[in-house]
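Let me give you the structure first, and then I'll get to my questions.
Letters A, B and C mark the chains as written, and numbering starts fresh at 1 in each.
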Amino acid sequence: MAYTLAELAQHVNGRVVGDEACVIESVSTLDSGSDGSISFLTNPAYKKKLLKTSASAVILREADIDYCNVNAIVVEDPHSAYALIASLLYPATTKKHGIHDSAVVSENSQLPDSVWIDAGVIIGDDVVLGENVQISAGTVIESSVTIGNNSRILSNVTICHGTSIGEDALIHPGVVIGSDGFGQANNHGTWLKVPQLGNVVIGNDVEIGANTTIDRGAIEDTIIGNNVKLDNQIQVAHNVQIGAHTVISGCTGLAGSTRIGKHCAIGGAVTIVGHAEIADNVFITANSLVTNSINEPGVYSSGIPIDTNKNWQKNSIRFKQLDKLAKKIKQLEKQIELLEAKE
Amino acid sequence: MAYTLAELAQHVNGRVVGDEACVIESVSTLDSGSDGSISFLTNPAYKKKLLKTSASAVILREADIDYCNVNAIVVEDPHSAYALIASLLYPATTKKHGIHDSAVVSENSQLPDSVWIDAGVIIGDDVVLGENVQISAGTVIESSVTIGNNSRILSNVTICHGTSIGEDALIHPGVVIGSDGFGQANNHGTWLKVPQLGNVVIGNDVEIGANTTIDRGAIEDTIIGNNVKLDNQIQVAHNVQIGAHTVISGCTGLAGSTRIGKHCAIGGAVTIVGHAEIADNVFITANSLVTNSINEPGVYSSGIPIDTNKNWQKNSIRFKQLDKLAKKIKQLEKQIELLEAKE
Amino acid sequence: MAYTLAELAQHVNGRVVGDEACVIESVSTLDSGSDGSISFLTNPAYKKKLLKTSASAVILREADIDYCNVNAIVVEDPHSAYALIASLLYPATTKKHGIHDSAVVSENSQLPDSVWIDAGVIIGDDVVLGENVQISAGTVIESSVTIGNNSRILSNVTICHGTSIGEDALIHPGVVIGSDGFGQANNHGTWLKVPQLGNVVIGNDVEIGANTTIDRGAIEDTIIGNNVKLDNQIQVAHNVQIGAHTVISGCTGLAGSTRIGKHCAIGGAVTIVGHAEIADNVFITANSLVTNSINEPGVYSSGIPIDTNKNWQKNSIRFKQLDKLAKKIKQLEKQIELLEAKE
């Protein structure tokens, strides 16, 4: 697709500085700009790249306009504006409609004409798909699943029975939604399976990254709010609730019955233990361990950043003496107090 | 399914308090109870929910009966009893028999009439399936795999060649069993693949969570004992051995040749390095790092729970000074000793 | 396959000690050796196993020959020699050629006669496969993918549109390559998807473990160098670059735009935050957290190894007082200095 700078600026409520008729047909980084490409600047650290860019135009903030030798669209938030413009320039793949010959669709599932069911897809009984739903190759939709309008389920995904997914979802390859939660009862040393009878209920405008897993609830449902964005390889255990507009980065694990608030940002490889409740607007940095509820908004962290192996070996041994060292310090304080008193 | 309270109590060796003829047809939480539902109480912290439940009956311990205003089944272990009763009320999906038209089954594999092979399943040469085995849609069973009676392999699973799975297994979607172990030999800076020639041998009554991976052995086999329960996204490297009745929570990684004992409980996101040997009855809490063998039963932990980012920044820098701080404390002790001696 | 010891020795530039005509047809551990098997010794700790092995021959270093009572192949690097010999004895499964009836291949994709496309494979438009490429059951190759000669893509893999894979690749089951990177722009509290427009470009002789995910670049490409070896369940975010001859163990996560050098070895369950640059020849031990670039070759570590839960509880609380404790030590130093001065 191609648009003039004026059209693009209008699309993002921005202001053109330079040639409004300039035709844009691709995006680029500042470094790799070319004729007809548009780039963006959010991080002021890259200002000097702006000076040298060969992109045809750059999306930027008012404050950065002086560093720009090419056309510009001035906006408040260049990252959002870039997202909107890139979506316009590169619309999601041309939509097909119909059902591929090799797909297996239960006759009990009524699909609108507007859906696209790709090769090798398998759709069970009583599945309800909204308008324009797209299911990519090799994906399995089990019985009694509901998927809202315009949602796209990519390849080799498994959506287990009874799952409900809202509108405008984007589910990446290898995702599993609605697998059994990890419910095991110890009966004199032998583990008995606790049937997992709840479902997974997912709101609108949710994106779920490759190979992420979301378990069904034990009795009640696992719930993912509107506009939640999950990265790859996240584990969401049974009965977790994730509030609207929360983003979670890759490799993070949420144990059973965790409740995450709205507008949270959870970093990658975070572990949150079961039944923790996380307030709205909480930010947790990568690799943190959350063993308790967090009641106040704010930024939270844990973990030990790397050191040379030699130093780490010494220090990690000392960690195991920390309590003793702290007590020794207390004792030294007393001794010094005594010495001082005697003078 | 529906049962009287008397029937359910008999099933779990429990005692009815209240109306033995009361008909139960569903399970519920204490909060969401309804007419005909049965709930359970294990954690005494929820006793006050018991007072207000609208479930028709509750499974509980003798000690909690006074707080119960509805019918009850009194047992020693309400969680196990609940598991048994829920399994009775919600039997695994009605079993089909036969082979779906779209499945591809090698003519060299003889399957009993009692199996159900769903749409899009692919079964290689010389596969041996027990009675009532169920293979769900899109799953690939490579050559020379053996699966015992009543095992269920859910959707989009890959069972690689030569894998042996016992009876009553439940393998969740996206699982990979028998992939190559990570064997690489460094030949003057270039990595050569070390062929992975062992298999994976899995006992009876094993459950394996969504997207978990279990690698085949390098020369000998990777071995998973009876009644082992693995959660989602666990990585089991080549030649790992996991003893019977051990449970492992999600996102945990076991490096090559690790041996886990019997009746262990490993938390989520634990990392166990290669060749570690873990005794029976070891409990490891979430997010721990195990760098050595553990020879004694007990509870083990590591990791740093979160703090505010501000505090964490100060403290994590201090971690890198720990050894110096410890040495300084020792020096201060000496100085104080000298001062004290001089008095 | 079967070879004489002389033939095997020649294959690895080794020297036979003992019977050159001895026929070898299998590999074994030192413990499980049998007639016709060959084993190897790399770790001197296992020398005493060498004394008792019942293997027909052992691959070992000159220094260990005196402990060997059976035939031997003497080489500089027994692990590499073992890899080469095992590959010779156990060649990759007999190659089939052709396209299985149940595979769905776009008529716009021209496949050489030498390829093998297994049951249930789905191949999109404009896919280019090299000679002898093998695609296993249930795998989805989206449009415009290129795969080089002799590469093997195993079962239930998803290769997303535009991905380029070099020669001699081995991609294990459940892998996803080319899924969208995690690009989200916050627009007044609502997350907007940032289109992911780059591709994934993978060099020659790359192995990728089960259920690993590699995201496409946001604008430019995600790049995996030649002879890179990735274990299972690794997450590679958008625009990551991994240099040639680097190995990464399971469960490790590389955040967006991370650059890993050549000849690095990254342990399991490591977390590397976004935009970090790791020099060549860096070794990072398991479970480390990398929050900054590493500019010098060497061994780096972090993380806290386990302790008994009782000790850990005390020490992990003290971690949160570390900065205060350090300041207290400084104050004690001053007080002691004063006391010493007064004498």
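Structure notes:
Here is the rule we go by: contacts are C-beta pairs under 8 Å (C-beta built on N, C-alpha and C of every residue); 3 or more make two chains touch, one makes a residue touch a chain.
Everything quoted here is computed from the prediction, not taken from an experiment.
Among the remaining chains, those touching chain A and also chain B are C.
Judged by shared residue numbers over all numbers used at their interface, chain A and chain C contact each other through mostly different positions, with under half in common. With centres defined as mean CA coordinates, chain C is found 25 Å away from chain A. Across the assembly, chain A contributes 102, 120, 138, 156, 174, 211, 233, 251, 269, 303-305, 307, 319, 321-322, 325, 329, 332, 336, 339 as residues in contact with two or more other chains.
For chain C in complex with chain A, the touching residues are 102, 104, 120, 122, 124, 138-140, 142, 156-158, 160-161, 174, 176, 179-180, 182-187, 189-195, 197, 211, 213, 215, 219-220, 233, 235, 237, 251, 253, 255, 269, 271, 273, 283-285, 288-292, 294, 298-305, 307, 311, 314-315, 317-319, 321-322, 325, 328-329, 332, 335-336, 339, 342. Residues of chain B touching chain A in their complex: 27-29, 32, 77, 79-80, 82-84, 86-87, 90, 93, 100, 102, 118-120, 136-138, 154-156, 170, 172-174, 207, 209-211, 227, 229, 231-233, 245, 247, 249-251, 263, 268-269, 286-287, 303-310, 312-313, 316, 319-323, 325-326, 329, 332-333, 336, 339-340, 343.
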